[in-house]
Each structure stands twice: as structure tokens, then as C-alpha cells.
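Note that the chains are named A, B, C and D in the order they appear, and that numbering of residues resets to 1 at the start of each chain.
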Amino acid sequence: MSKRTLRKSLDYVKKDYVETRKMPGNWYLSSYQYKFNITHHQSFLKKLKDKKLVGNKCSACNRVFFPPRFVCGKCLVKPDQWVDLRDTGQVSTYTIVYLKDPETGEVLEKPVVMVQQDNCDTNYMAELQSYIDFKDTYIGMPIKVHWAESTNGNLKDIEYYDLIEDDSKDLDVSKD
Amino acid sequence: MERVGIVGYYQVKLYSNANYGRYEMIFEAVRGALDSAELKKKDITTVVSCTNDYYDGRTISNAFTVEVGGAYLEDESKVEMDGAHAVLYGLMRILSGNHKLAVIWGGSMASCFPYHSARLYETDPTWERPVAYVNDITASGFQMRAYMEKYNVDIEEIAKISVKNRKNASKNPLALEEAQNANLSVNDILNSEIYADPVRELMVAQPCDGVAALLLAPEKQALKITDKPVWITGVGYNQETYYLGDRDLSISNSMELAGKMAFDAAGIKEPKNEINIAELFEAYAHEELIFSEALGLAEKGKGSELNSEIDGDLPINPSGGAQGGNPPCATGLIRIIEAAKQLRGEANGYQVKGAKKAVASGQIGMCAQNNIVYVLEGGD
Amino acid sequence: MGRQVAIISAGFSEHASKRSDVNMAELVNEAVNDCLKKVPSLSIKDIDAYVNGNMPAFEGANLPELWMTDWLGARNKPLIRVTTGGTTGGSVGIAGYYSVAAGLPGIDTVLAVAFEQQSQGDTSIGLSSVALGEISVLNTLGLPYEYLTRLMSAGGAIGLASYQAANYMNKSKIREEDLARVVVQNRRNAAKTWWSHLKMPNLTIEEVLDTPYISYPLRYGMVCPASDGACAVLFTTEEKAKDLCDTPVYVNGVASVAHESVIIGYDASGSAQLDPSEQLGAMKSSEIAYNQAGISFPRKEIDYAEVYSPFPNQELMWVEKLGLFEENTAPEMYENEVTSLNGELPICCSGGVNATNAIGASALERPAVAALQIMGKASNQVPKTVHTAIGHGWGGMLNLCTMMVLSDQQQRKWR
Amino acid sequence: MSEKIIVANKGFVRAEFSFWVGRYMDKFYDAFENKKIIGNKCPKCEKRFVPPRKICGECYEEIIFDKNWVDLPDTGILLNYTITPYKVTDRTSRKVKKSQIIGMIQIEGSDTAIVYKLLNMEPEDISLGMKVKAEWEEKPIGNSADIKGFVKI
């Protein structure tokens, strides 16, 4: 693959159209507000404060939700049990985001990761250790919560996720 | 047209600033509707929702309502007009034979968005929107003046409609607190502030927060689910042109055509004599007169002579109508629910005696550009 | 209960990045006229009802059908608006099918119209405002806005697709050339379709791989354009279809199953769709649609498929998920040209969504092109005779999916 | 169950749109720039439209672009009017102290109505059917705001 040119976009057979006037219009989402019921998050946040992870469980389909959910969609009922969770998890899926650093202008490659806590049925977006190179992330990579020093009962108490040694990585499990 | 039964419904109480989360309200409506018919999630075969991207401030306003709306791994779609149009799409899905139970829910929270700006986005963006002289407020003023001039109905007659509807709303526990007022007089209405002359503030159906849900089932299933199904025997919907200048605002052409289509389907020759209750979505007091005349419940210009009180010859909006609370995307759905309540004899507090055939309507657009009418029969 | 429904014509407007010569109403009118021109014996008066849809946030106009009534020819006629985000076109088509199948008195011929004029709006805000409310709750629960804005840039259609691509590549071990090959096949097909947007008659794999990454593994050259365009499809009953069109295309199966959203759940909860490329909703949609159409071996019975794939990894994934190819074998099929114009199972010969993406209209264009291929009137007509075809659409947060099975024979149920 | 906690967060983005007006309206606004009102005529039913349209709603006849144009005066008759204290914009709507009078005016020689403000008039001296004349901005720039409003003749 030639790296020289690295064209930004490909040209194509274009047809241009006469340009008529434009009338302005705006959609001020700033004059909108979004109402949420976060009552069910309270006990979850309290547990975060003393560095414990908890998720709620729907007793009808035995699915565990972390972060907790207001309604289990599968059974259309409210989850009624709380379940304590270990602080280890795995990378369930990831992508690399190319952000232009405003000062230096060079392109930063940062993995944005979806983490699935152990024995839990949902994943959520979280941060990895800053110096993990995006080439090392793979699906199923085991990770562990890195708690912030001072926790004050919100999602930022989970500062980021650390890498755990994964000895099954070299085993080539996928059969050819 | 085969009969399709309304087998369950639920309406969340209307608030001007609800202490509810959006998904909490949708879940309460859909779960309430299923519980009212003692059904479970697995009985659902299709869900039709009614939300509007500009009322919810989200681009795909039904992307996140899948779980709370009971549409998890179900055949789902969204109609972006009035709740009554979503019931129409649910009705079509049942009549096609592919589905056995349709959940239809609709509603939004007017406390969360600038209502009149969202309505302004409906205007012609190349001509009328930049100067914003045409919006839902001025359009209501044009409509009322055109009606009063054409049939020289004086303003007291129109104010009586608001007195009636707000008195009815005071008996309806789910209506909007601010809209309930049992002892208003015609002068109170006329002395309320000018909204868009000649329309006064108390003649307007105030937008509020609310979600409602309804269950539809084909005839065989409906008889199994409930012993008091309400049958939809006729439906008609129509849309007239957009430009106010091209329309005769004193009548509702689209309501006439929609009414004709619905009455033909239901086999009703004489609406005035065969219909014994009407729940019309009247965004403004004068629209109740225009619609009752368009549906043939009264002669043109003579709508105000009809005794439409709860104990009158043809009660209109015993539930308080849209002036009892107008949650965007839900009001038309609520009119159908109220009509079904009357036919099942469950409208305690404002029950009309011996209601056999009802008419319910929904509308969308400036000066009710698109109207939809249902003929409901049955009950006990 | 219900009746057989047939498609008799489909029309398009020219798609381009900036249709600056027309407003929304005139753009839609172009597609309506192109659709009616193909059925000379039917006039606008014979259309009994309309179904219309677009993605409103991209144009900035709420309920544009109300304003466009005259341009649609819908004055004093029944009309409903159906819109479900990315699958708006598919939902409009399915609503058109149900409008006819319901058999409401007086409604036999229905025109389904879907359109999008993205050059008028702000695509990035339009896409990121899908999850704006949900993200604002994450801020309440403690995540700083700076982090959330980075998360939003990973969101949007491209972000979602790159999650899907990462999962799909992890399972099927495809190389980037496979992605580029899909793009080349689509854009060369688009060059032979008059209404398509990115016409690249002699694009090569090297040129595609020569463009930088947007978000791994998708490159600028692989991503779909944002186009302006409209599409109209005419549905009618079985009897009327016979004398209006020489080969009516019967709609034998429709489904639009929704699933949980990916990446962000409602109320800032997590998402239970752990693997975005698993797509339970799409599998259930195709299952329901195939059952209705009486198809048990899609691989053998489907002759032509139009799948909704703005990104190349999706085309490989969808053709497997919809039962057309075995798991993880799609890249080979593209390599030995099974899916090309004169292949055994041609895919997206109109250039697909990778070459033309007017988001509101795209999901209607898929069944529209599939129907025209069966009629033999498609602009890039497949040499083999097509008896059964499918038109598919995905949308929302990777959780909505529409599916239409079309055939020139009637559904087994009606025969 | 603990007391319900509801949170209402404000949105934080703004989307900008620029609507293409299409060739018909473009020519209409060209005429606005030199303070002229033009419309077009449906070849079949002879109805005249201000602003001009590509399709005649009644007969669904296409009004071909380079034909059927009609020059019109900037006077007309008042069909309908309303007085409202509300000012509605894309961002929000608020009540202002001074109500504005909005009128529906049929331009002479056309069959449609346009909606504009009525200037220096009191509610008492407004009567339906009275003749009004457009009042133009000094330097019109080719959009619907070039007409400040209509005044009584």
C-alpha cells in the first residue's frame, strides 16, 4: 500500500447544479431540556462512594445490568434485585478515535472502549490507562477498575481501567 | 371493513411540568395498558409509537424508547403526527392479518421544549419561516375571525364552548390541573388576555406533559381478551393544502372528507342522529364548532345551537377535550381512549348515559390541516 | 383479513452532494414524476393515499409533508408520516404495504415517498443529537463534558460502524483489502446508475486504501457520502397491478424488528447488545419476513439482494446475517465475484448506500431497486432473470432493521 | 422507595440550516430586490400564485419555469387579520408589550394570500376588504423581509 500520497478523498463524476438563494434556519437545542428519573442510580452511586460495584438484576430473565437500568426491556418489568459485582471486567468492543490535539495539531490515536464487568450482561463506555497503545487493545482483554483516590459518589470514581496479565492471549483458540 | 377491538388503554395524568422522567412516563403508559387487559409482554406482536423529533429534542426519538415501549425484538415503527394517526397505522397492521396485538403509545413533554418554535418549524422554510408572521398562534386568529365573519357567530357563543370544556375537565381526574375550572363564566373567558385576536388565552388548549397507550386486537382475539371490547368500525383521514390563502378557514375541508370516509366505512347515514357522543381534538374553542359542523353533527354556522353538554342531546368532549390538556403527539390518542371509556361505561364522574356510538378525532398542522376521525361502537 | 399487495413502479430524483437548484418540495416532486412516468395509464388522481417520511433533524423542517402537500399531489387526500431514523425509507415502504394490505374502503393505490436534503442541514449535529439527552445524564452522574464530547465524536454513524467493524473483523479475520473490494464493486456499479451520487467507473482497491483512517478500521475512501435525493414507490392491489404493469412485483414479506440500542442504553444505562455485529434484530426481521414469504432456504431462493451498507464491513456482515451466505464466507464471495453484476447472487447493483446515501430515502431505495430488477427496468439491470429479491435497511443506534421480500410470484399463502 | 429524583438537563448544541429556495423562489426574490412582486400562472386553470409554485395544487399541472410568469402590483386587499402580543422565533416565543397586527393580504391579480404585518394602523380603522399597499425596505436584499409590511391606501 502506497503511503506517499494518502489522498483525503476520492474524486468522482460530478454534475453541478445552479445555486439558488439560501434561507437561514436554526434548531436551538440549548432551549430544550431532557428529564430523567435517576432514582435507581442513587444506591449505585452510594456504593461507588465506598469503592464497591453493584448492578441491578431482573429476576424474570436473570440479566444483570451495570450501570443499573430502570426497566428490563426483555420482560417489560422493573429490575428488583441488587447484585454485588467484582471489579474485574473485559473489553467487549473498542474503536480508535483520531483526535487532532488543538495545541500541537498532530493526530492523537486514542482507543475508546466498551467495558463489560464480570457476570454482567451489559457493557458501557469507559477509559483505559492512558499509556495503553491502541495496537494492544483486543476484544476480550481482561481489565480491572482503577479507583480514584477520593471517591465522591459519581461515575468518575472509576478513574480508568488497568490492564491485567492475560496468559491465555498466546493460546491460539480459534481453529483454522 | 372488519371490526378491530380496543382491548386496553392507559393515560398518565397530565401535568404542566411533570415530575417524571421521559422513559418513566412511557413505561407507565405501556405497562398500564397491558395490565388493564391482563396481558404480558410476550403477547405483543407489534408496537407503533408516536413521538416527534422536534418535540423530544432528539434526532431519532424512537431509538431509545424501544425497551420502555415494549418493542424489544418486536415489529416496531413510529408515526410522527398525532397519536390518532399512530392508532391508524396500528389498525392497518391488524387489518393486514400479520399481527394479533398492537400496542400504540404516543406523547411528549411540552415542559421540555419551546412549543411554538417547534410548531414554527412546520412552516414553509423558503418563504414564511424567516419572518415568522405565520405560526400556530396567528393561524388560530385567522381561523376564528374567518369563522365568525362567515357565519356571524358572536364571540360569546364560542366562549361558551370553553366554559363547557373546562367545567367537564374539572370532573376528569386525569385532566390538567390548570385547565380544570368548574365555575368559569363567559365574561371570564372574554376578559382573559388576548392570545391572537379574537382568540383569548382561555380558549386555547394548553400544551402539557402526557403519554397515553392503547391496545388493538382483531375481532377473534379481542373477544378472548376482554368481554367489553370497543370496536373501531370506521376510520377516515385527510389532508388539505398548506397555504392559508388557498383554504377557506371558516370550514374544515379535510374534516368533512375524513368524516365522509369514516361514516361510509361504518355504514352511518345520519351522523346527527346515530352518533351519541363525540370526543374532538379542538386545539381552540372555535375548532369544536367548525369540526362538529364539518362532521354533520350540526348545520354550517349553527354549531353553537347544539346542546353539547354532558346531559345534552349530543355531548361533545365530556372529558374536557384538548382544552383539558393538550400533550403534543398524545391528544388525539387520548380522545380515542376517552370515547372508549364512555362506551365501556368507565368514565366515572363524567359518564354519558346510554352511549352506543362515538366519534373521536385527531389533527395536526396549521388550522387543522390534516384531520383523522374514528367511529367507535360497542362497549357493554 | 388483509390482501396481496404489489409494487408497480419506483422513481428516483438525481442524487448529489448539493441539490442547490431545488427546495425540498421540488426534489420530492422529481421522484414522484419519475415514478408516475413509468405507469402511463395511471394519473395522479388515481392515487388514493400517501405515506411520507424523512429524517427531520437533517433538514430543519418539522413535518415537511404539510408544506409539500401540493408538490406531492396530495391535496385533499389521506396522508400519514412515518419516520424511524435511518430506516425511515424502509418504514415508509412497509407503511405503504400495510396501507394497501389493510383494505380500508377507498384505499387501493398508495404512493410511498421518502427523501433527504442533507446539504441544508448539519449532519454531525443531526447524528450526535441522537444520543444528546442520554449523554447529558452521564454528565449528571459525574462524567466531565470534555470526555463526553470525545465520546460523541466516537458516536455518530461512523463511530457505531467502526465498533461493528472491529467486532466483525475480530470474528471473521478479514483484511482491509476485503473492505476496499466491496467499496470498489459498489462504486463501479454506481457509475452505471443514472441517479447515484459517487460514480467512480475505474476505482481501484489501492486508491481506497490510500486514504487515511477516520476511525479504525474505516478509511475516508470507504465511507458513504451525504447526499440529497428522494425516492417514490407505488403500491397497489393485486387486481389493479395486473393491468397497470406487465410484471407486478408482489410484496410477500415485511418486518421491522427493533432491538436494544448499542453503546449507550436509555437513561445512561449500559447496552445489552454486547456485540454490535451480532444483530439479533436483523436476524429476527429476516426470519419473520422469510416466514411470511414462505422462504426456507434464503441462500437458494433469493436471486438478488439490496442491503443497506453505508460502510463496507456492514455489507459483508449483513449478507451473512440475512442468511444469504455462510458465516465468515462473505469476503470470499466478493473475491470470486459471486456478488458482482453477472454473478450468481448479485448484491447492490445500484451502487448501494456506499455510493448514494440520502439517509431518509436510502432504506426505500433498496426495495425500490430490488423491485425494478425483478421488473427488468432497473438502470443497472442484472443479466439473469430475478424472481425473488430482498430490500433491507438498518438505522437508529444499530438497533432498528427493516426487511422486505419481493417476488414475481404471489405469496404461497394467497395462491 | 426513596423519594423520586428527577433531573432536567439543558441541551448544549445548536444546529444551523440553510434552506435552498429553488429556482422559482429565486426568481421571485430577484424581483423583490428591485421592489417588484411577480407570480406565475397555471396554464390549465389560469390560477395565479404569489409566491410562484412549480405545481398547481388543483390540477397537478407543472408550471414550466421559463413560461407563465406574471407581473403584479404591490397593492392588494385585506382578507383577514389578527392582533397578537406573541413574537415567535426559531429559539423561543415570548409575549411583548406592544401587540403587532398581522394581516392576510391578497395581491391584486393573484388567487392566493400572503401574510405580513400591517403598519401604522389602529385596530379600529381596520376593515376586511380594505385596500393596502406594500412598504418596502430602502435596500431590499432578496428575502421575505424586504417588505416591511402593508399600509392603508
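FYI, contacts are C-beta pairs under 8 Å (C-beta built on N, C-alpha and C of every residue); 3 or more make two chains touch, one makes a residue touch a chain.
This structure is a prediction, so every number in the text was calculated from the model and none was measured.
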Touching chain B and also chain C, the following chains: A, D
Distance from chain C to chain A - Cα centre to Cα centre, in angstrom: 28
Rounded Å distance, chain A centre to chain B centre (Cα mean): 41
Centroid distance [mean C-alpha coordinates] between chain D and chain A, Å: 48
Set of chain C residues in contact with two or more other chains: 19-24, 57, 59-61, 69-70, 75, 125-126, 129, 132-133, 136-137, 140, 260, 265-267
Sequence positions of chain D contacting 2 or more other chains: 4, 6-23, 25, 57, 90-92, 143
Shared-contact residues (touching 2 or more other chains) in chain B: 20-23, 54, 57, 66-68, 72-73, 112, 114, 117, 121, 125-127, 129-130, 241
Category of the chain touch graph - line, ring, star, complete, other: complete
Of chain C, residues touching chain D in the complex: 19-26, 29, 33, 44-45, 57, 59-61, 69-71, 73, 75, 117, 119-122, 125-126, 128-129, 132-133, 136-137, 139-140, 145
Chain B residues within the chain C interface of the complex: 1-2, 21-23, 47, 52-54, 56-60, 62-68, 71-81, 85, 88-89, 91-93, 95-98, 118-119, 121-126, 218, 235-242, 253-254, 257-258, 261, 264-265, 364-366, 369-370
Residues of chain D touching chain C in the complex: 7, 9-25, 53-58, 60, 62
Residues of chain A touching chain B in the complex: 23-25, 27-29, 31-38, 70-76
Complex interface listing, chain C residues touching chain A: 14, 16, 18-22, 57, 60-61, 125, 129, 132-133, 136-138, 140-144, 147, 150-151, 153-154, 159, 162-163, 166-167, 170, 173, 187, 191, 197-201, 203, 206-216, 220-221, 260, 263-272, 274-276
